[in-house]
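You will see two complexes here that share subunit A, one where it goes with subunit B and one where it goes with subunit C.
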Partner chain A sequence: MNELIFFFNKVVVAGTVIGSIYALGAIGVTLVFAILRFSHFAHADIMTFGAFMSYILVVAFPELGGYVGLPTGFVVMPIAMLVTAFFAVGLDKAFYKPLRDNNVKPVVMVIASIGVTLMIQGVLRLFAGTTSRNFYFAENKEIFRIKLPFEAASRKIFITEPQILLVLFLIVAVISLHFFLTRSRLGKAMRAMSDNPDLSRISGINTNVVVWTTWMIAGGLAAAAGTLLSLDVTLKPDLSFNILLPIFAAAVVGGVGKPYGAIAGGFVVGFAETLAIFNWSILLRPFSGIIPDWIDVPSTIAFVPTEYKIVVPFVLLIAILVWRPTGIFKGKVL
Partner chain B sequence: MAIKREFIVFGLLGLFILVIFTQMGTAFSLRMLMEASCYAIIALGLTIQWGYAGLFNVGIMGFIAVGGFLTMLISFPVNDKFWNSSMPAELGMVFVYALVGIALTWAITKSGHFGVSKKLRTFLAVTTGAIAYLVVMNTLGPVGDEIESKAGFIGGFGLPVFVGWVVGGLGAGIIAYYVGHICLGLRSDYLAIATLGIAEIIKAVFKNADWLTQGTLTVSPLPWPTPTPNDVGFIAARSGYLVVTTILVVVIYFALQRAYNAPWGRMMRAIRDNEVSSAAMGKNVNKRRLEIFILGSILMGLGGAALITSTRIFDPSGFLPLNHTFLIWVMVILGGSGNNLGAIFGAIFVYLIWIISEPAAILMFQTIQTYGLAWFDWNAPSDLISRALQMRVFVIGLTITLVLRFAPQGVLPEKVTNHG
Partner chain C sequence: MTLLNATGLHGGYGGMNILNGIDMSIDSNEIGVIIGANGAGKSTALKAIFGLLNVTEGSVLLNGKNITNMAPDKLVRAGMGFVPQEHNIFPSLSVLENLEMGAFVRRDNFSHLIDQIYEYFPDLAEKRNQPAGELSGGQRQMVAMGRALMTEPSLLLLDEPTAGLSPRFMNVIFDRVVEINKSGVGILMVEQNAKQALAIAHKGFVLAAGRNRYTDTGQALLNDPDVAKSFLGG
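On to the complex of A and B.
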């Protein structure tokens, strides 16, 4: 029983948390791709940027969370999301729009986004260094220890407050995004532009507004993902490519250009990671009496050692490219 | 006219180098040139991938690391402690297991000839592959730990360095084959994502497989193809090394120049500029792209091997996407993509600036710190120096975006000739 709880803590909880983060990031990547037709490599650093915005606000108003009873980082997050949303629009105006107007090849946009990611990285590390920071310097992280009503279960299930907030936020975000895309005029325009940019332009859709909206949504969600990730663990300024690869994998697995696919892809990648690094030998321990002696059960049976975690999203990505390049939800093939 | 521009550009570069020689001393400048020439080989590899064929490779660091590792493995002196024990046999057994596993999985994927249905085949292949993988990993683990504790690492083969360089290039080419085989049929974004991933994975493996590379302990000193500084002094040794790399650069340059003007090069440019029409002309677009992707990666592996050899130390954590991927991108797009002379110019110029910018950035920030303290009573953070170097990350990013926007042709634009 204890082993199952260990499994729950290590795989189900951890997978849900990291899967939600990937999903939030992948929605942004996939939306940018659907509207602007390029893979946005700067997304991970926009996440870090958003997290820093929240951090600055937390440092400025550390007591804010106490009034509401929620972590301060979560309370100030909407402001950080807004700032990051405008930041993303600004990036588009400064760097991507001039290239778009020149009708460059999509790959040039990708290179430009790499240039942008380096610039954000440089500025962030110039002002903030490379040490990781903790959001909980003034308050305590609330941890819920849930005891199961079983005799054999002496271990407890651990869930922290930011993890619950993360999942709740993802649910709210997904539902509101769904209604935005299906009910609102602007959302419909976005979907139209994703299907056929030329046709939507000549039918009178203001493509600039659609592009800005896309960047606002992508930037806002990226800031939320960055903040919530930093609340759960710590704020690391040097995540960039290590989190970019799983996010891209999530977007591709779900089907590029499909927001719902991105959510599914995020969870697939998140659970694949936690399942792959989980030590399965622990689940076999209760059966040590049943397993015959001639089978020598190793003390660690993990598919991938923790150091090689980054291999998991990559293998998923390659596998999906080989077998089903459109992804689960029949997205676009790049 | 075009010739003139190249003369001016290279003349100015020569002047710049001369200034550096007089200011910084001969030994230091020779080291810079030596490393710059290795970067030039890598940049030539990228300029054929990007400039000739329009392929976007963000994993240059991975190919450099593979080249560096293989040349270390081939040329480093033999580790007798390892070879005189039973460990080589155990390691051999792991390889046998791995081969058997691969053979079994492969056989199952081919079992369609005997009427096995596709679903069953996929299922069996995946299960067999997973079991074989687990067995190999679980046997490799203890063997690796044993090697680490008893012999340090497996050491090298003690073969000549040139063999190592060639093998390094070939190894990079083999990896490029598999990456390209999967991704080149799709749009260029996938190649970018996949190369980025493979580079990070290669780095992770080299960093953590201590029995193979000593991990963070690093391997040094790597043998040189020419007399080392210990034998003949810095200036003579570095000049010797520089001669070797320069010959390599020149040979590769002329070979590429010939290929560029040959029908093969014209076909590549045709594919780059209009994929549809070249496909309609009967060119096998994906195969040609795979060809040039492998060729470029071989050059990157070779250049990486030369680069790592020149530093005399194999340090897996020293491979940084910034130094070993994006710096090279700046070299190529600034120098002029698709122009081999441009790539060489860009490599030397950008590398010199890169090296000089380090003391310059530190000096600048120390000045800011001094005046900040004196005028505004501002206490600078203690890690100011490491932060100052982050400024260079910003400059690299800014250069990429500005060049793309305002001068996409680079300093030496590609010369489009009409073969009429």
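On to the complex of A and C.
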């Protein structure tokens, strides 16, 4: 029983948490691809930027969370999302729009986004250094230890407050995005532009407004993902480096250009990671009496050692590109 | 006042001229049909009028207002609608959403227009919630025309609306073109089915090598033995 609880904590909870973060990031990547037709490599740095915005606000107003009984980082997150949304629009105006106006090939945009990545990383390190930062310096992180009503279950299920907030936020974000894309005039115009940019222009759709809206949604969600991840663990300046590949894998696995695919892809990649690094030997322990002596069960049976977990999204990415390039939700072929 | 008056249009792609001086004029109660051999500049002429291609010489007037080289989204607001020959729908959007996108520039209530388009094309009313990409070729053309009509344009440009359609759908499209024109919308269309198109045309423009070869009423062109021999298959 305890082994199953261990599995739940290490795979189900951890997979849901990291899957939600990947999903929030991948939605942005996929929306930018749907509208602007290029892979935006600086997306993970927008996440880091958003997390730093939240951190600055937490440092400025550390007491804020106490008033509403939520972590301060979560309370200030909407402001960070807004700032980051405008930051993303600013990046577009400064770097991508001039290129677009000159009708450059998508690969030029991709390379430009790598440049933007390096720039944001440099600027963040210049101002914030390279140390990890903890959002919980003025308050305590609430951890829920849930005891199951079974005799044999002495271990507890661990869930932290930011993890619950993350999952709730993802649910609200996905429902809002769904209604935005299917009910609002601008959301439908986004889908129209993803379908057929030339016809959108011919129909009189203001494509600049659609592009800015896309950046605002992508930037806002990236800030939320960065903040929520930093609340769960810590804020590291190299956050983007570790998360870029998984969010791209999530977007591709789900089907590039498909927001619902990005969500599914996020969870596929998240669970693939946690399942791959899980020590399966633990689940075999209760059976130690049944397993014959001549089978020597090693103390660690994992598909991938933890420090190599980045291999998992990489392998998934390659596999999906080889066998099903359009992803689960039949997106665009890269 | 003439609805559309294009005079001496020159233009093309990447410095190469395809149009070498084209004149066209249409009144709001008229259907104009452009015919000609492949490469004569038929579609290019429509695109030049709709600002999709740089006009290097000549001018386009809509209701007397100079609209030469104006951006397509401004032309939509100025009262022009354009239906391209290909890729003329949003495939993943429903029929209704396609029509709504046509009305993107409108801020008023346009539900009566959607009803009117369902009256023109009853097929669409049945499939209103279906993704447009799942429809047949003829129905897609109906969606495309419906989308362009959502701004209540004074001039509708159609690029080969019956290309690749079955005779049944072809007749439906021609009938609707006449009906839409009778409601006060001037129509300028490029057509491969020249005989059928000229039969409903008030004006016909026969193009060759980017110039007007013959310009007359549709009926006169149909009866012209030279036109018949060279452009209508004898």
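In the analysis below, the second predicted complex is superposed on the first by the 334 of 334 C-alpha atoms of A that agree within 3 Å, B and C clash if a C-alpha of one lies under 4 Å from a C-alpha of the other, contacts with A are read in each partner's own complex, and residues count from 1 in each chain.
Assume a contact is a pair of C-beta atoms (placed from the backbone, for glycine too) under 8 Å apart; a residue touches a chain by one contact, two chains touch by 3 or more.
Computed from a predicted model, the values in this text were never measured in an experiment.
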Checklist entry - Does subunit B (first) or subunit C (second) touch A:Ala189, or do both, or does neither? => result second
Next on the checklist: Quick one: is A:Val110 in contact with subunit B, with subunit C, with both, or with neither? Answer first, second, both or neither.
Outcome noted: first
Item to check | First, second, both or neither for A:Asp198, with subunit B first and subunit C second | outcome: second
Checklist entry - Once the shared chain is lined up, is A:Val76 touching subunit B (first), subunit C (second), both, or neither of them? => result neither
Item to check | Which superposed partner A:Leu177 touches (first subunit B, second subunit C, both, neither) | outcome: neither
Next on the checklist: Tell me which touches more residues of subunit A here: subunit C or subunit B.
Outcome noted: B
Checklist entry - Is A:Ala223 touching the first partner subunit B, the second partner subunit C, both, or neither of them? => result neither
Checklist entry - First (subunit B), second (subunit C), both or neither: which does A:Ile318 touch? => result first
Next on the checklist: Help me check something: in the complex, which residues belonging to subunit A touch subunit B?
Outcome noted: 38-39, 41, 95, 98-99, 104-108, 110-112, 114-123, 125-127, 129-131, 241-242, 244-245, 248, 252, 298, 301, 303, 305, 307-308, 310-311, 313-314, 317-318, 321-322, 325, 333-334
Item to check | Contact footprint of subunit A on subunit B as seen in their complex | outcome: 54, 56, 58, 130, 133-134, 137-138, 182-183, 186-190, 192-194, 196-198, 200-201, 204-205, 207-208, 321-322, 326, 329, 333, 381, 383, 386-388, 390-401, 404-405, 408
Next on the checklist: Show me the residue ranges of subunit C that touch subunit A in the complex, using the header's touch definition.
Outcome noted: 50, 52, 72-73, 76-77, 82, 84, 87-93, 97, 100-102, 104-105, 147-148, 151
Checklist entry - Where on subunit A does subunit C make contact in their complex? => result 185, 188-189, 191-192, 194-196, 198-206
